[in-house]
Amino acid sequence: MNDIDPTGAVAGWWATAVSRMEPGVIELRGHPVQELIGTTSLTSMIWLMLRGELPGAREAALLEAALVAGVDHGPQAPSIAIARMAATCGVGLNSAVASAVNTLGDSHGGAGEQCVELLTEILQAEATGIGLETAVRQVIAARPRYLPGFGHRFHPVDPRRDPLLSLVDSAVADGVVPGDHLRAGRAVEDILNRGRAEPVPMNIDGATAIIYAELGFPAPLARGLFVLSRSIGILAHAWEETEQGRRNKGPIPRSILPAHLP
Amino acid sequence: MNDIDPTGAVAGWWATAVSRMEPGVIELRGHPVQELIGTTSLTSMIWLMLRGELPGAREAALLEAALVAGVDHGPQAPSIAIARMAATCGVGLNSAVASAVNTLGDSHGGAGEQCVELLTEILQAEATGIGLETAVRQVIAARPRYLPGFGHRFHPVDPRRDPLLSLVDSAVADGVVPGDHLRAGRAVEDILNRGRAEPVPMNIDGATAIIYAELGFPAPLARGLFVLSRSIGILAHAWEETEQGRRNKGPIPRSILPAHLP
Amino acid sequence: MNDIDPTGAVAGWWATAVSRMEPGVIELRGHPVQELIGTTSLTSMIWLMLRGELPGAREAALLEAALVAGVDHGPQAPSIAIARMAATCGVGLNSAVASAVNTLGDSHGGAGEQCVELLTEILQAEATGIGLETAVRQVIAARPRYLPGFGHRFHPVDPRRDPLLSLVDSAVADGVVPGDHLRAGRAVEDILNRGRAEPVPMNIDGATAIIYAELGFPAPLARGLFVLSRSIGILAHAWEETEQGRRNKGPIPRSILPAHLP
Amino acid sequence: MNDIDPTGAVAGWWATAVSRMEPGVIELRGHPVQELIGTTSLTSMIWLMLRGELPGAREAALLEAALVAGVDHGPQAPSIAIARMAATCGVGLNSAVASAVNTLGDSHGGAGEQCVELLTEILQAEATGIGLETAVRQVIAARPRYLPGFGHRFHPVDPRRDPLLSLVDSAVADGVVPGDHLRAGRAVEDILNRGRAEPVPMNIDGATAIIYAELGFPAPLARGLFVLSRSIGILAHAWEETEQGRRNKGPIPRSILPAHLP
């Protein structure tokens, strides 16, 4: 409030509980930044900024495992290909990352968010007393075309599934997280695969959705956290492409093109 | 100015000469929007919004030709490939267009801007009295690796060059534009190709740069105008891909991948 | 097909009906680009690229009016404010435009798309024989919170409504467009406002949705076309801000900040 | 190589040393992903993905401190304001983050990159034998208008400077990093402030630039790493705004607007 903003309406429009600035002062969620530097891990900072308080060590470890698991899946993922092509177009790394992160939409980076919703729906149905199996079958039946978090068009078994679930198992055993979303996720996988020749295993989106949900993150942050995780791979690919020095990289090598495409 | 903004500092921070709004009133560069609707072409609107006044008919026609010429160059252009891949990722057309437009950077969409600067530099050097040929040679020599607006890795002759230059010729003949940048551009092309077996013709960036510069647009708007033009092709490709219904399109068909890439 | 792509699978992955390139050849929807330059308006190019054929003169005029109407609504629109702030951050105009266009999402630029869906739903309900008024009431009742295309928090009457609808009236009278979506839109407005003290008039999204739908554009292209239209205002604002030379423009003037925000 | 890609040209076009995929296999920089999950910190993953090998514990700690320090600087930073406004426009968190990250350009997120270049230039000049002070004065003189990494329009002393430099001091003392860029940075600060009434202290960009350079990251990655760091604050602000449920947030509260802006 001052002469220019006597009612405080303008400052209020931009009020935030995330950070507070004064000349010489930076507080992030109430913590002076100088107390965070050198004492707090990057993963704990992510938790702090999104949730308002610092995580316990076991919670931070579980979050970190999920973030590490999602870092990259190679240049056939549209986001990675886009980052690499953008990096050859004469824009900064910030813009190459932005064009790529932007495509982590409902079909590409949204499965984690949708899987949190799916598992939560199952638990809510179970809470009405119909039993877990019925709850799962009911919720699956409502999604006949596509079940977010299960199946992979490339990996018969996703190598990230087992280590992630095993960390959740330990966290449940030690009372770090409740274990309900894990139970729901395993039930979906079990019921989905009964009597099936070709298995439809839980994928990375399913395993990380379980972790994010067990840790209490709301569904949209499953996508938000994946954005932070995949940004690392996106940057690494954009940088590798930058160092190679190509200009205006198209999707197909030029040797193929003369008769077809410019 | 009111109780909440008594000094007008806040409204002043966002003051603009582009448009003015009041309840029931929309003025664009001083023109009530209802007087523009149905009377003004889209190209004239572009001119009006960027320059503050409506163009003459011949000026608008020249601008329109340049905008039409740059609309698309097929999916091997990174921006177009990015638009198509983004459209399969579960984001809106607005975001597919944004990821693509974002990559019209210094190497991909910036050649027009750089060519305006090049031609202007030549004219400034010429104005010192050294003659056009010396001016051209001097400015070319300072750019040994890459001359924006000239040469094409795909087209021996860019089919857009001749119709664009011929429109500028008429406009010069009729006194619509001065013709200096055209003269400079032709001199570059001429000097560049003397005694050369494989010609390095003026390309679309060169021809449109001449038009934009002749019409008095500053260099950065050569890129800005190209953004508007290419957005049309970007949208058309994003839409075609949307209609085909693929999910998460990577750069290479999946049939190639099993042994190599996911 | 060549040694490197013997089955044509790779070229096929990027096949498109939008444009065709060969050395020296650029065809846009089957038209050699040199035949389009100087003969075709920018609006007709938009139609051609999205639909595959050139529009009639009256169709093009109607589309042009809608595109002109949506160009700008001032810096309080988030997209425009974003463009202006982005332009002060040391990125090219392409990236300033991209950050802005990206936010023309479901709440900011999506109302046109949603309004086309609304009107189409009404016409489909009417086609079952229940009468237009019942169809409207039924479809309105299913959207109790928000009716896309109607009402404006700023304009009591949107100055763009009347000139746009009057152009559609003429087009219907002359048999250029069928008039069904216009009829549905007017019925919504009428029923919505019966006995209401404060009117909820049709807004720009409603009026342009009617035009796009009457011209046969599918709903998602209502958003796509708005992206092209608003890009013009976005560029104009980014450019005005660029010329003013501020660095890192925040949302609030610095004079307010010392005690509150950096 | 297979029937469809007999020469391997297509797979080669997308070859990468960052990650390798086979059905059931994901290797990141040669490490099977399952060996990284649960054992590797997020900061070490960033190092691994960008550099190709895992960092030592002290190196990782220094990198982590720099990443933590840059996380947020409140909503007056254009990137944060953009993230918050974008989050109200009906796009996913991925797109809100993208619009914001995109603006970490030369003026907003590029000072770290420019400061690495500045310090490296000083060290190269010093290496010619002219002495550090002369080297600093020479390099400063070439940048009369703006010295990246020094001065802050808001903080008289940046609270992030001291803890970061103190961590670098320890790392130099223990032989973890060489200390040359630290020496150059301190010399700039010292010479810049001699006999000056109002001090121009090193800011966050300067302090993190020293860390990134001491750790051997090339200049463009100073910007890339800042992108990863600031993405955390960007996401936190986008999420806070999402939870508040506003639609189409403009830069100024609506209470100010009726007489001025929509």
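We call the chains A, B, C and D, going by the order they appear; numbering starts again at 1 in every chain.
Rule of thumb we're sticking to: a residue touches a chain if its C-beta (ideal position, glycine included) is under 8 Å from a C-beta of that chain, and two chains touch if they have at least 3 such contacts.
Just so you know, these numbers come straight off a predicted model, no measurement behind them.
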item	value
Pair joined by the larger number of C-beta contacts - B-C, A-B	B-C
Repeat of interface A-D, chosen from B-C, A-C or B-D - more than half of residue-number contact pairs shared	B-C
Gap in Å, rounded to a whole number, between the CA centres of chain C and chain A	31
Between chain A and chain B, centroid-to-centroid distance (C-alpha), Å	37
Distance from chain C to chain B - Cα centre to Cα centre, in angstrom	21
Numbers and ranges of chain B residues touching at least 2 other chains	4-5, 9-10, 14, 21, 23, 73-76, 81, 91-92, 94-95, 98-99, 102-106, 109-110, 154-155, 251-253, 255-256, 261-262
Topology of the chain contact graph, where touching chains are joined (line, ring, star, complete, other)	complete
Complex contact set, residues of chain D against chain B	1-2, 4-5, 10-11, 14, 21-23, 91-92, 94-95, 98-99, 102, 251-253, 255-256, 258-262
Parts of chain A lying in touch with chain D, wherever the complex brings them together	9-10, 12-14, 16-21, 23-26, 28, 32-34, 36-38, 40-43, 45-46, 49-50, 61, 64-65, 67-69, 71-76, 81, 84, 92-95, 97-99, 101-106, 109-110, 154-157, 159-160, 162-164, 167, 220-221, 223-224, 227-228, 231-233, 235-240, 242, 252-253, 255-256
Chain A partner contacts - residues on chain B that touch it in the complex	3-7, 9-10, 73-79, 81-82, 85-86, 88-91, 95, 98-100, 102-110, 153-155, 247-252, 254, 257, 261-262
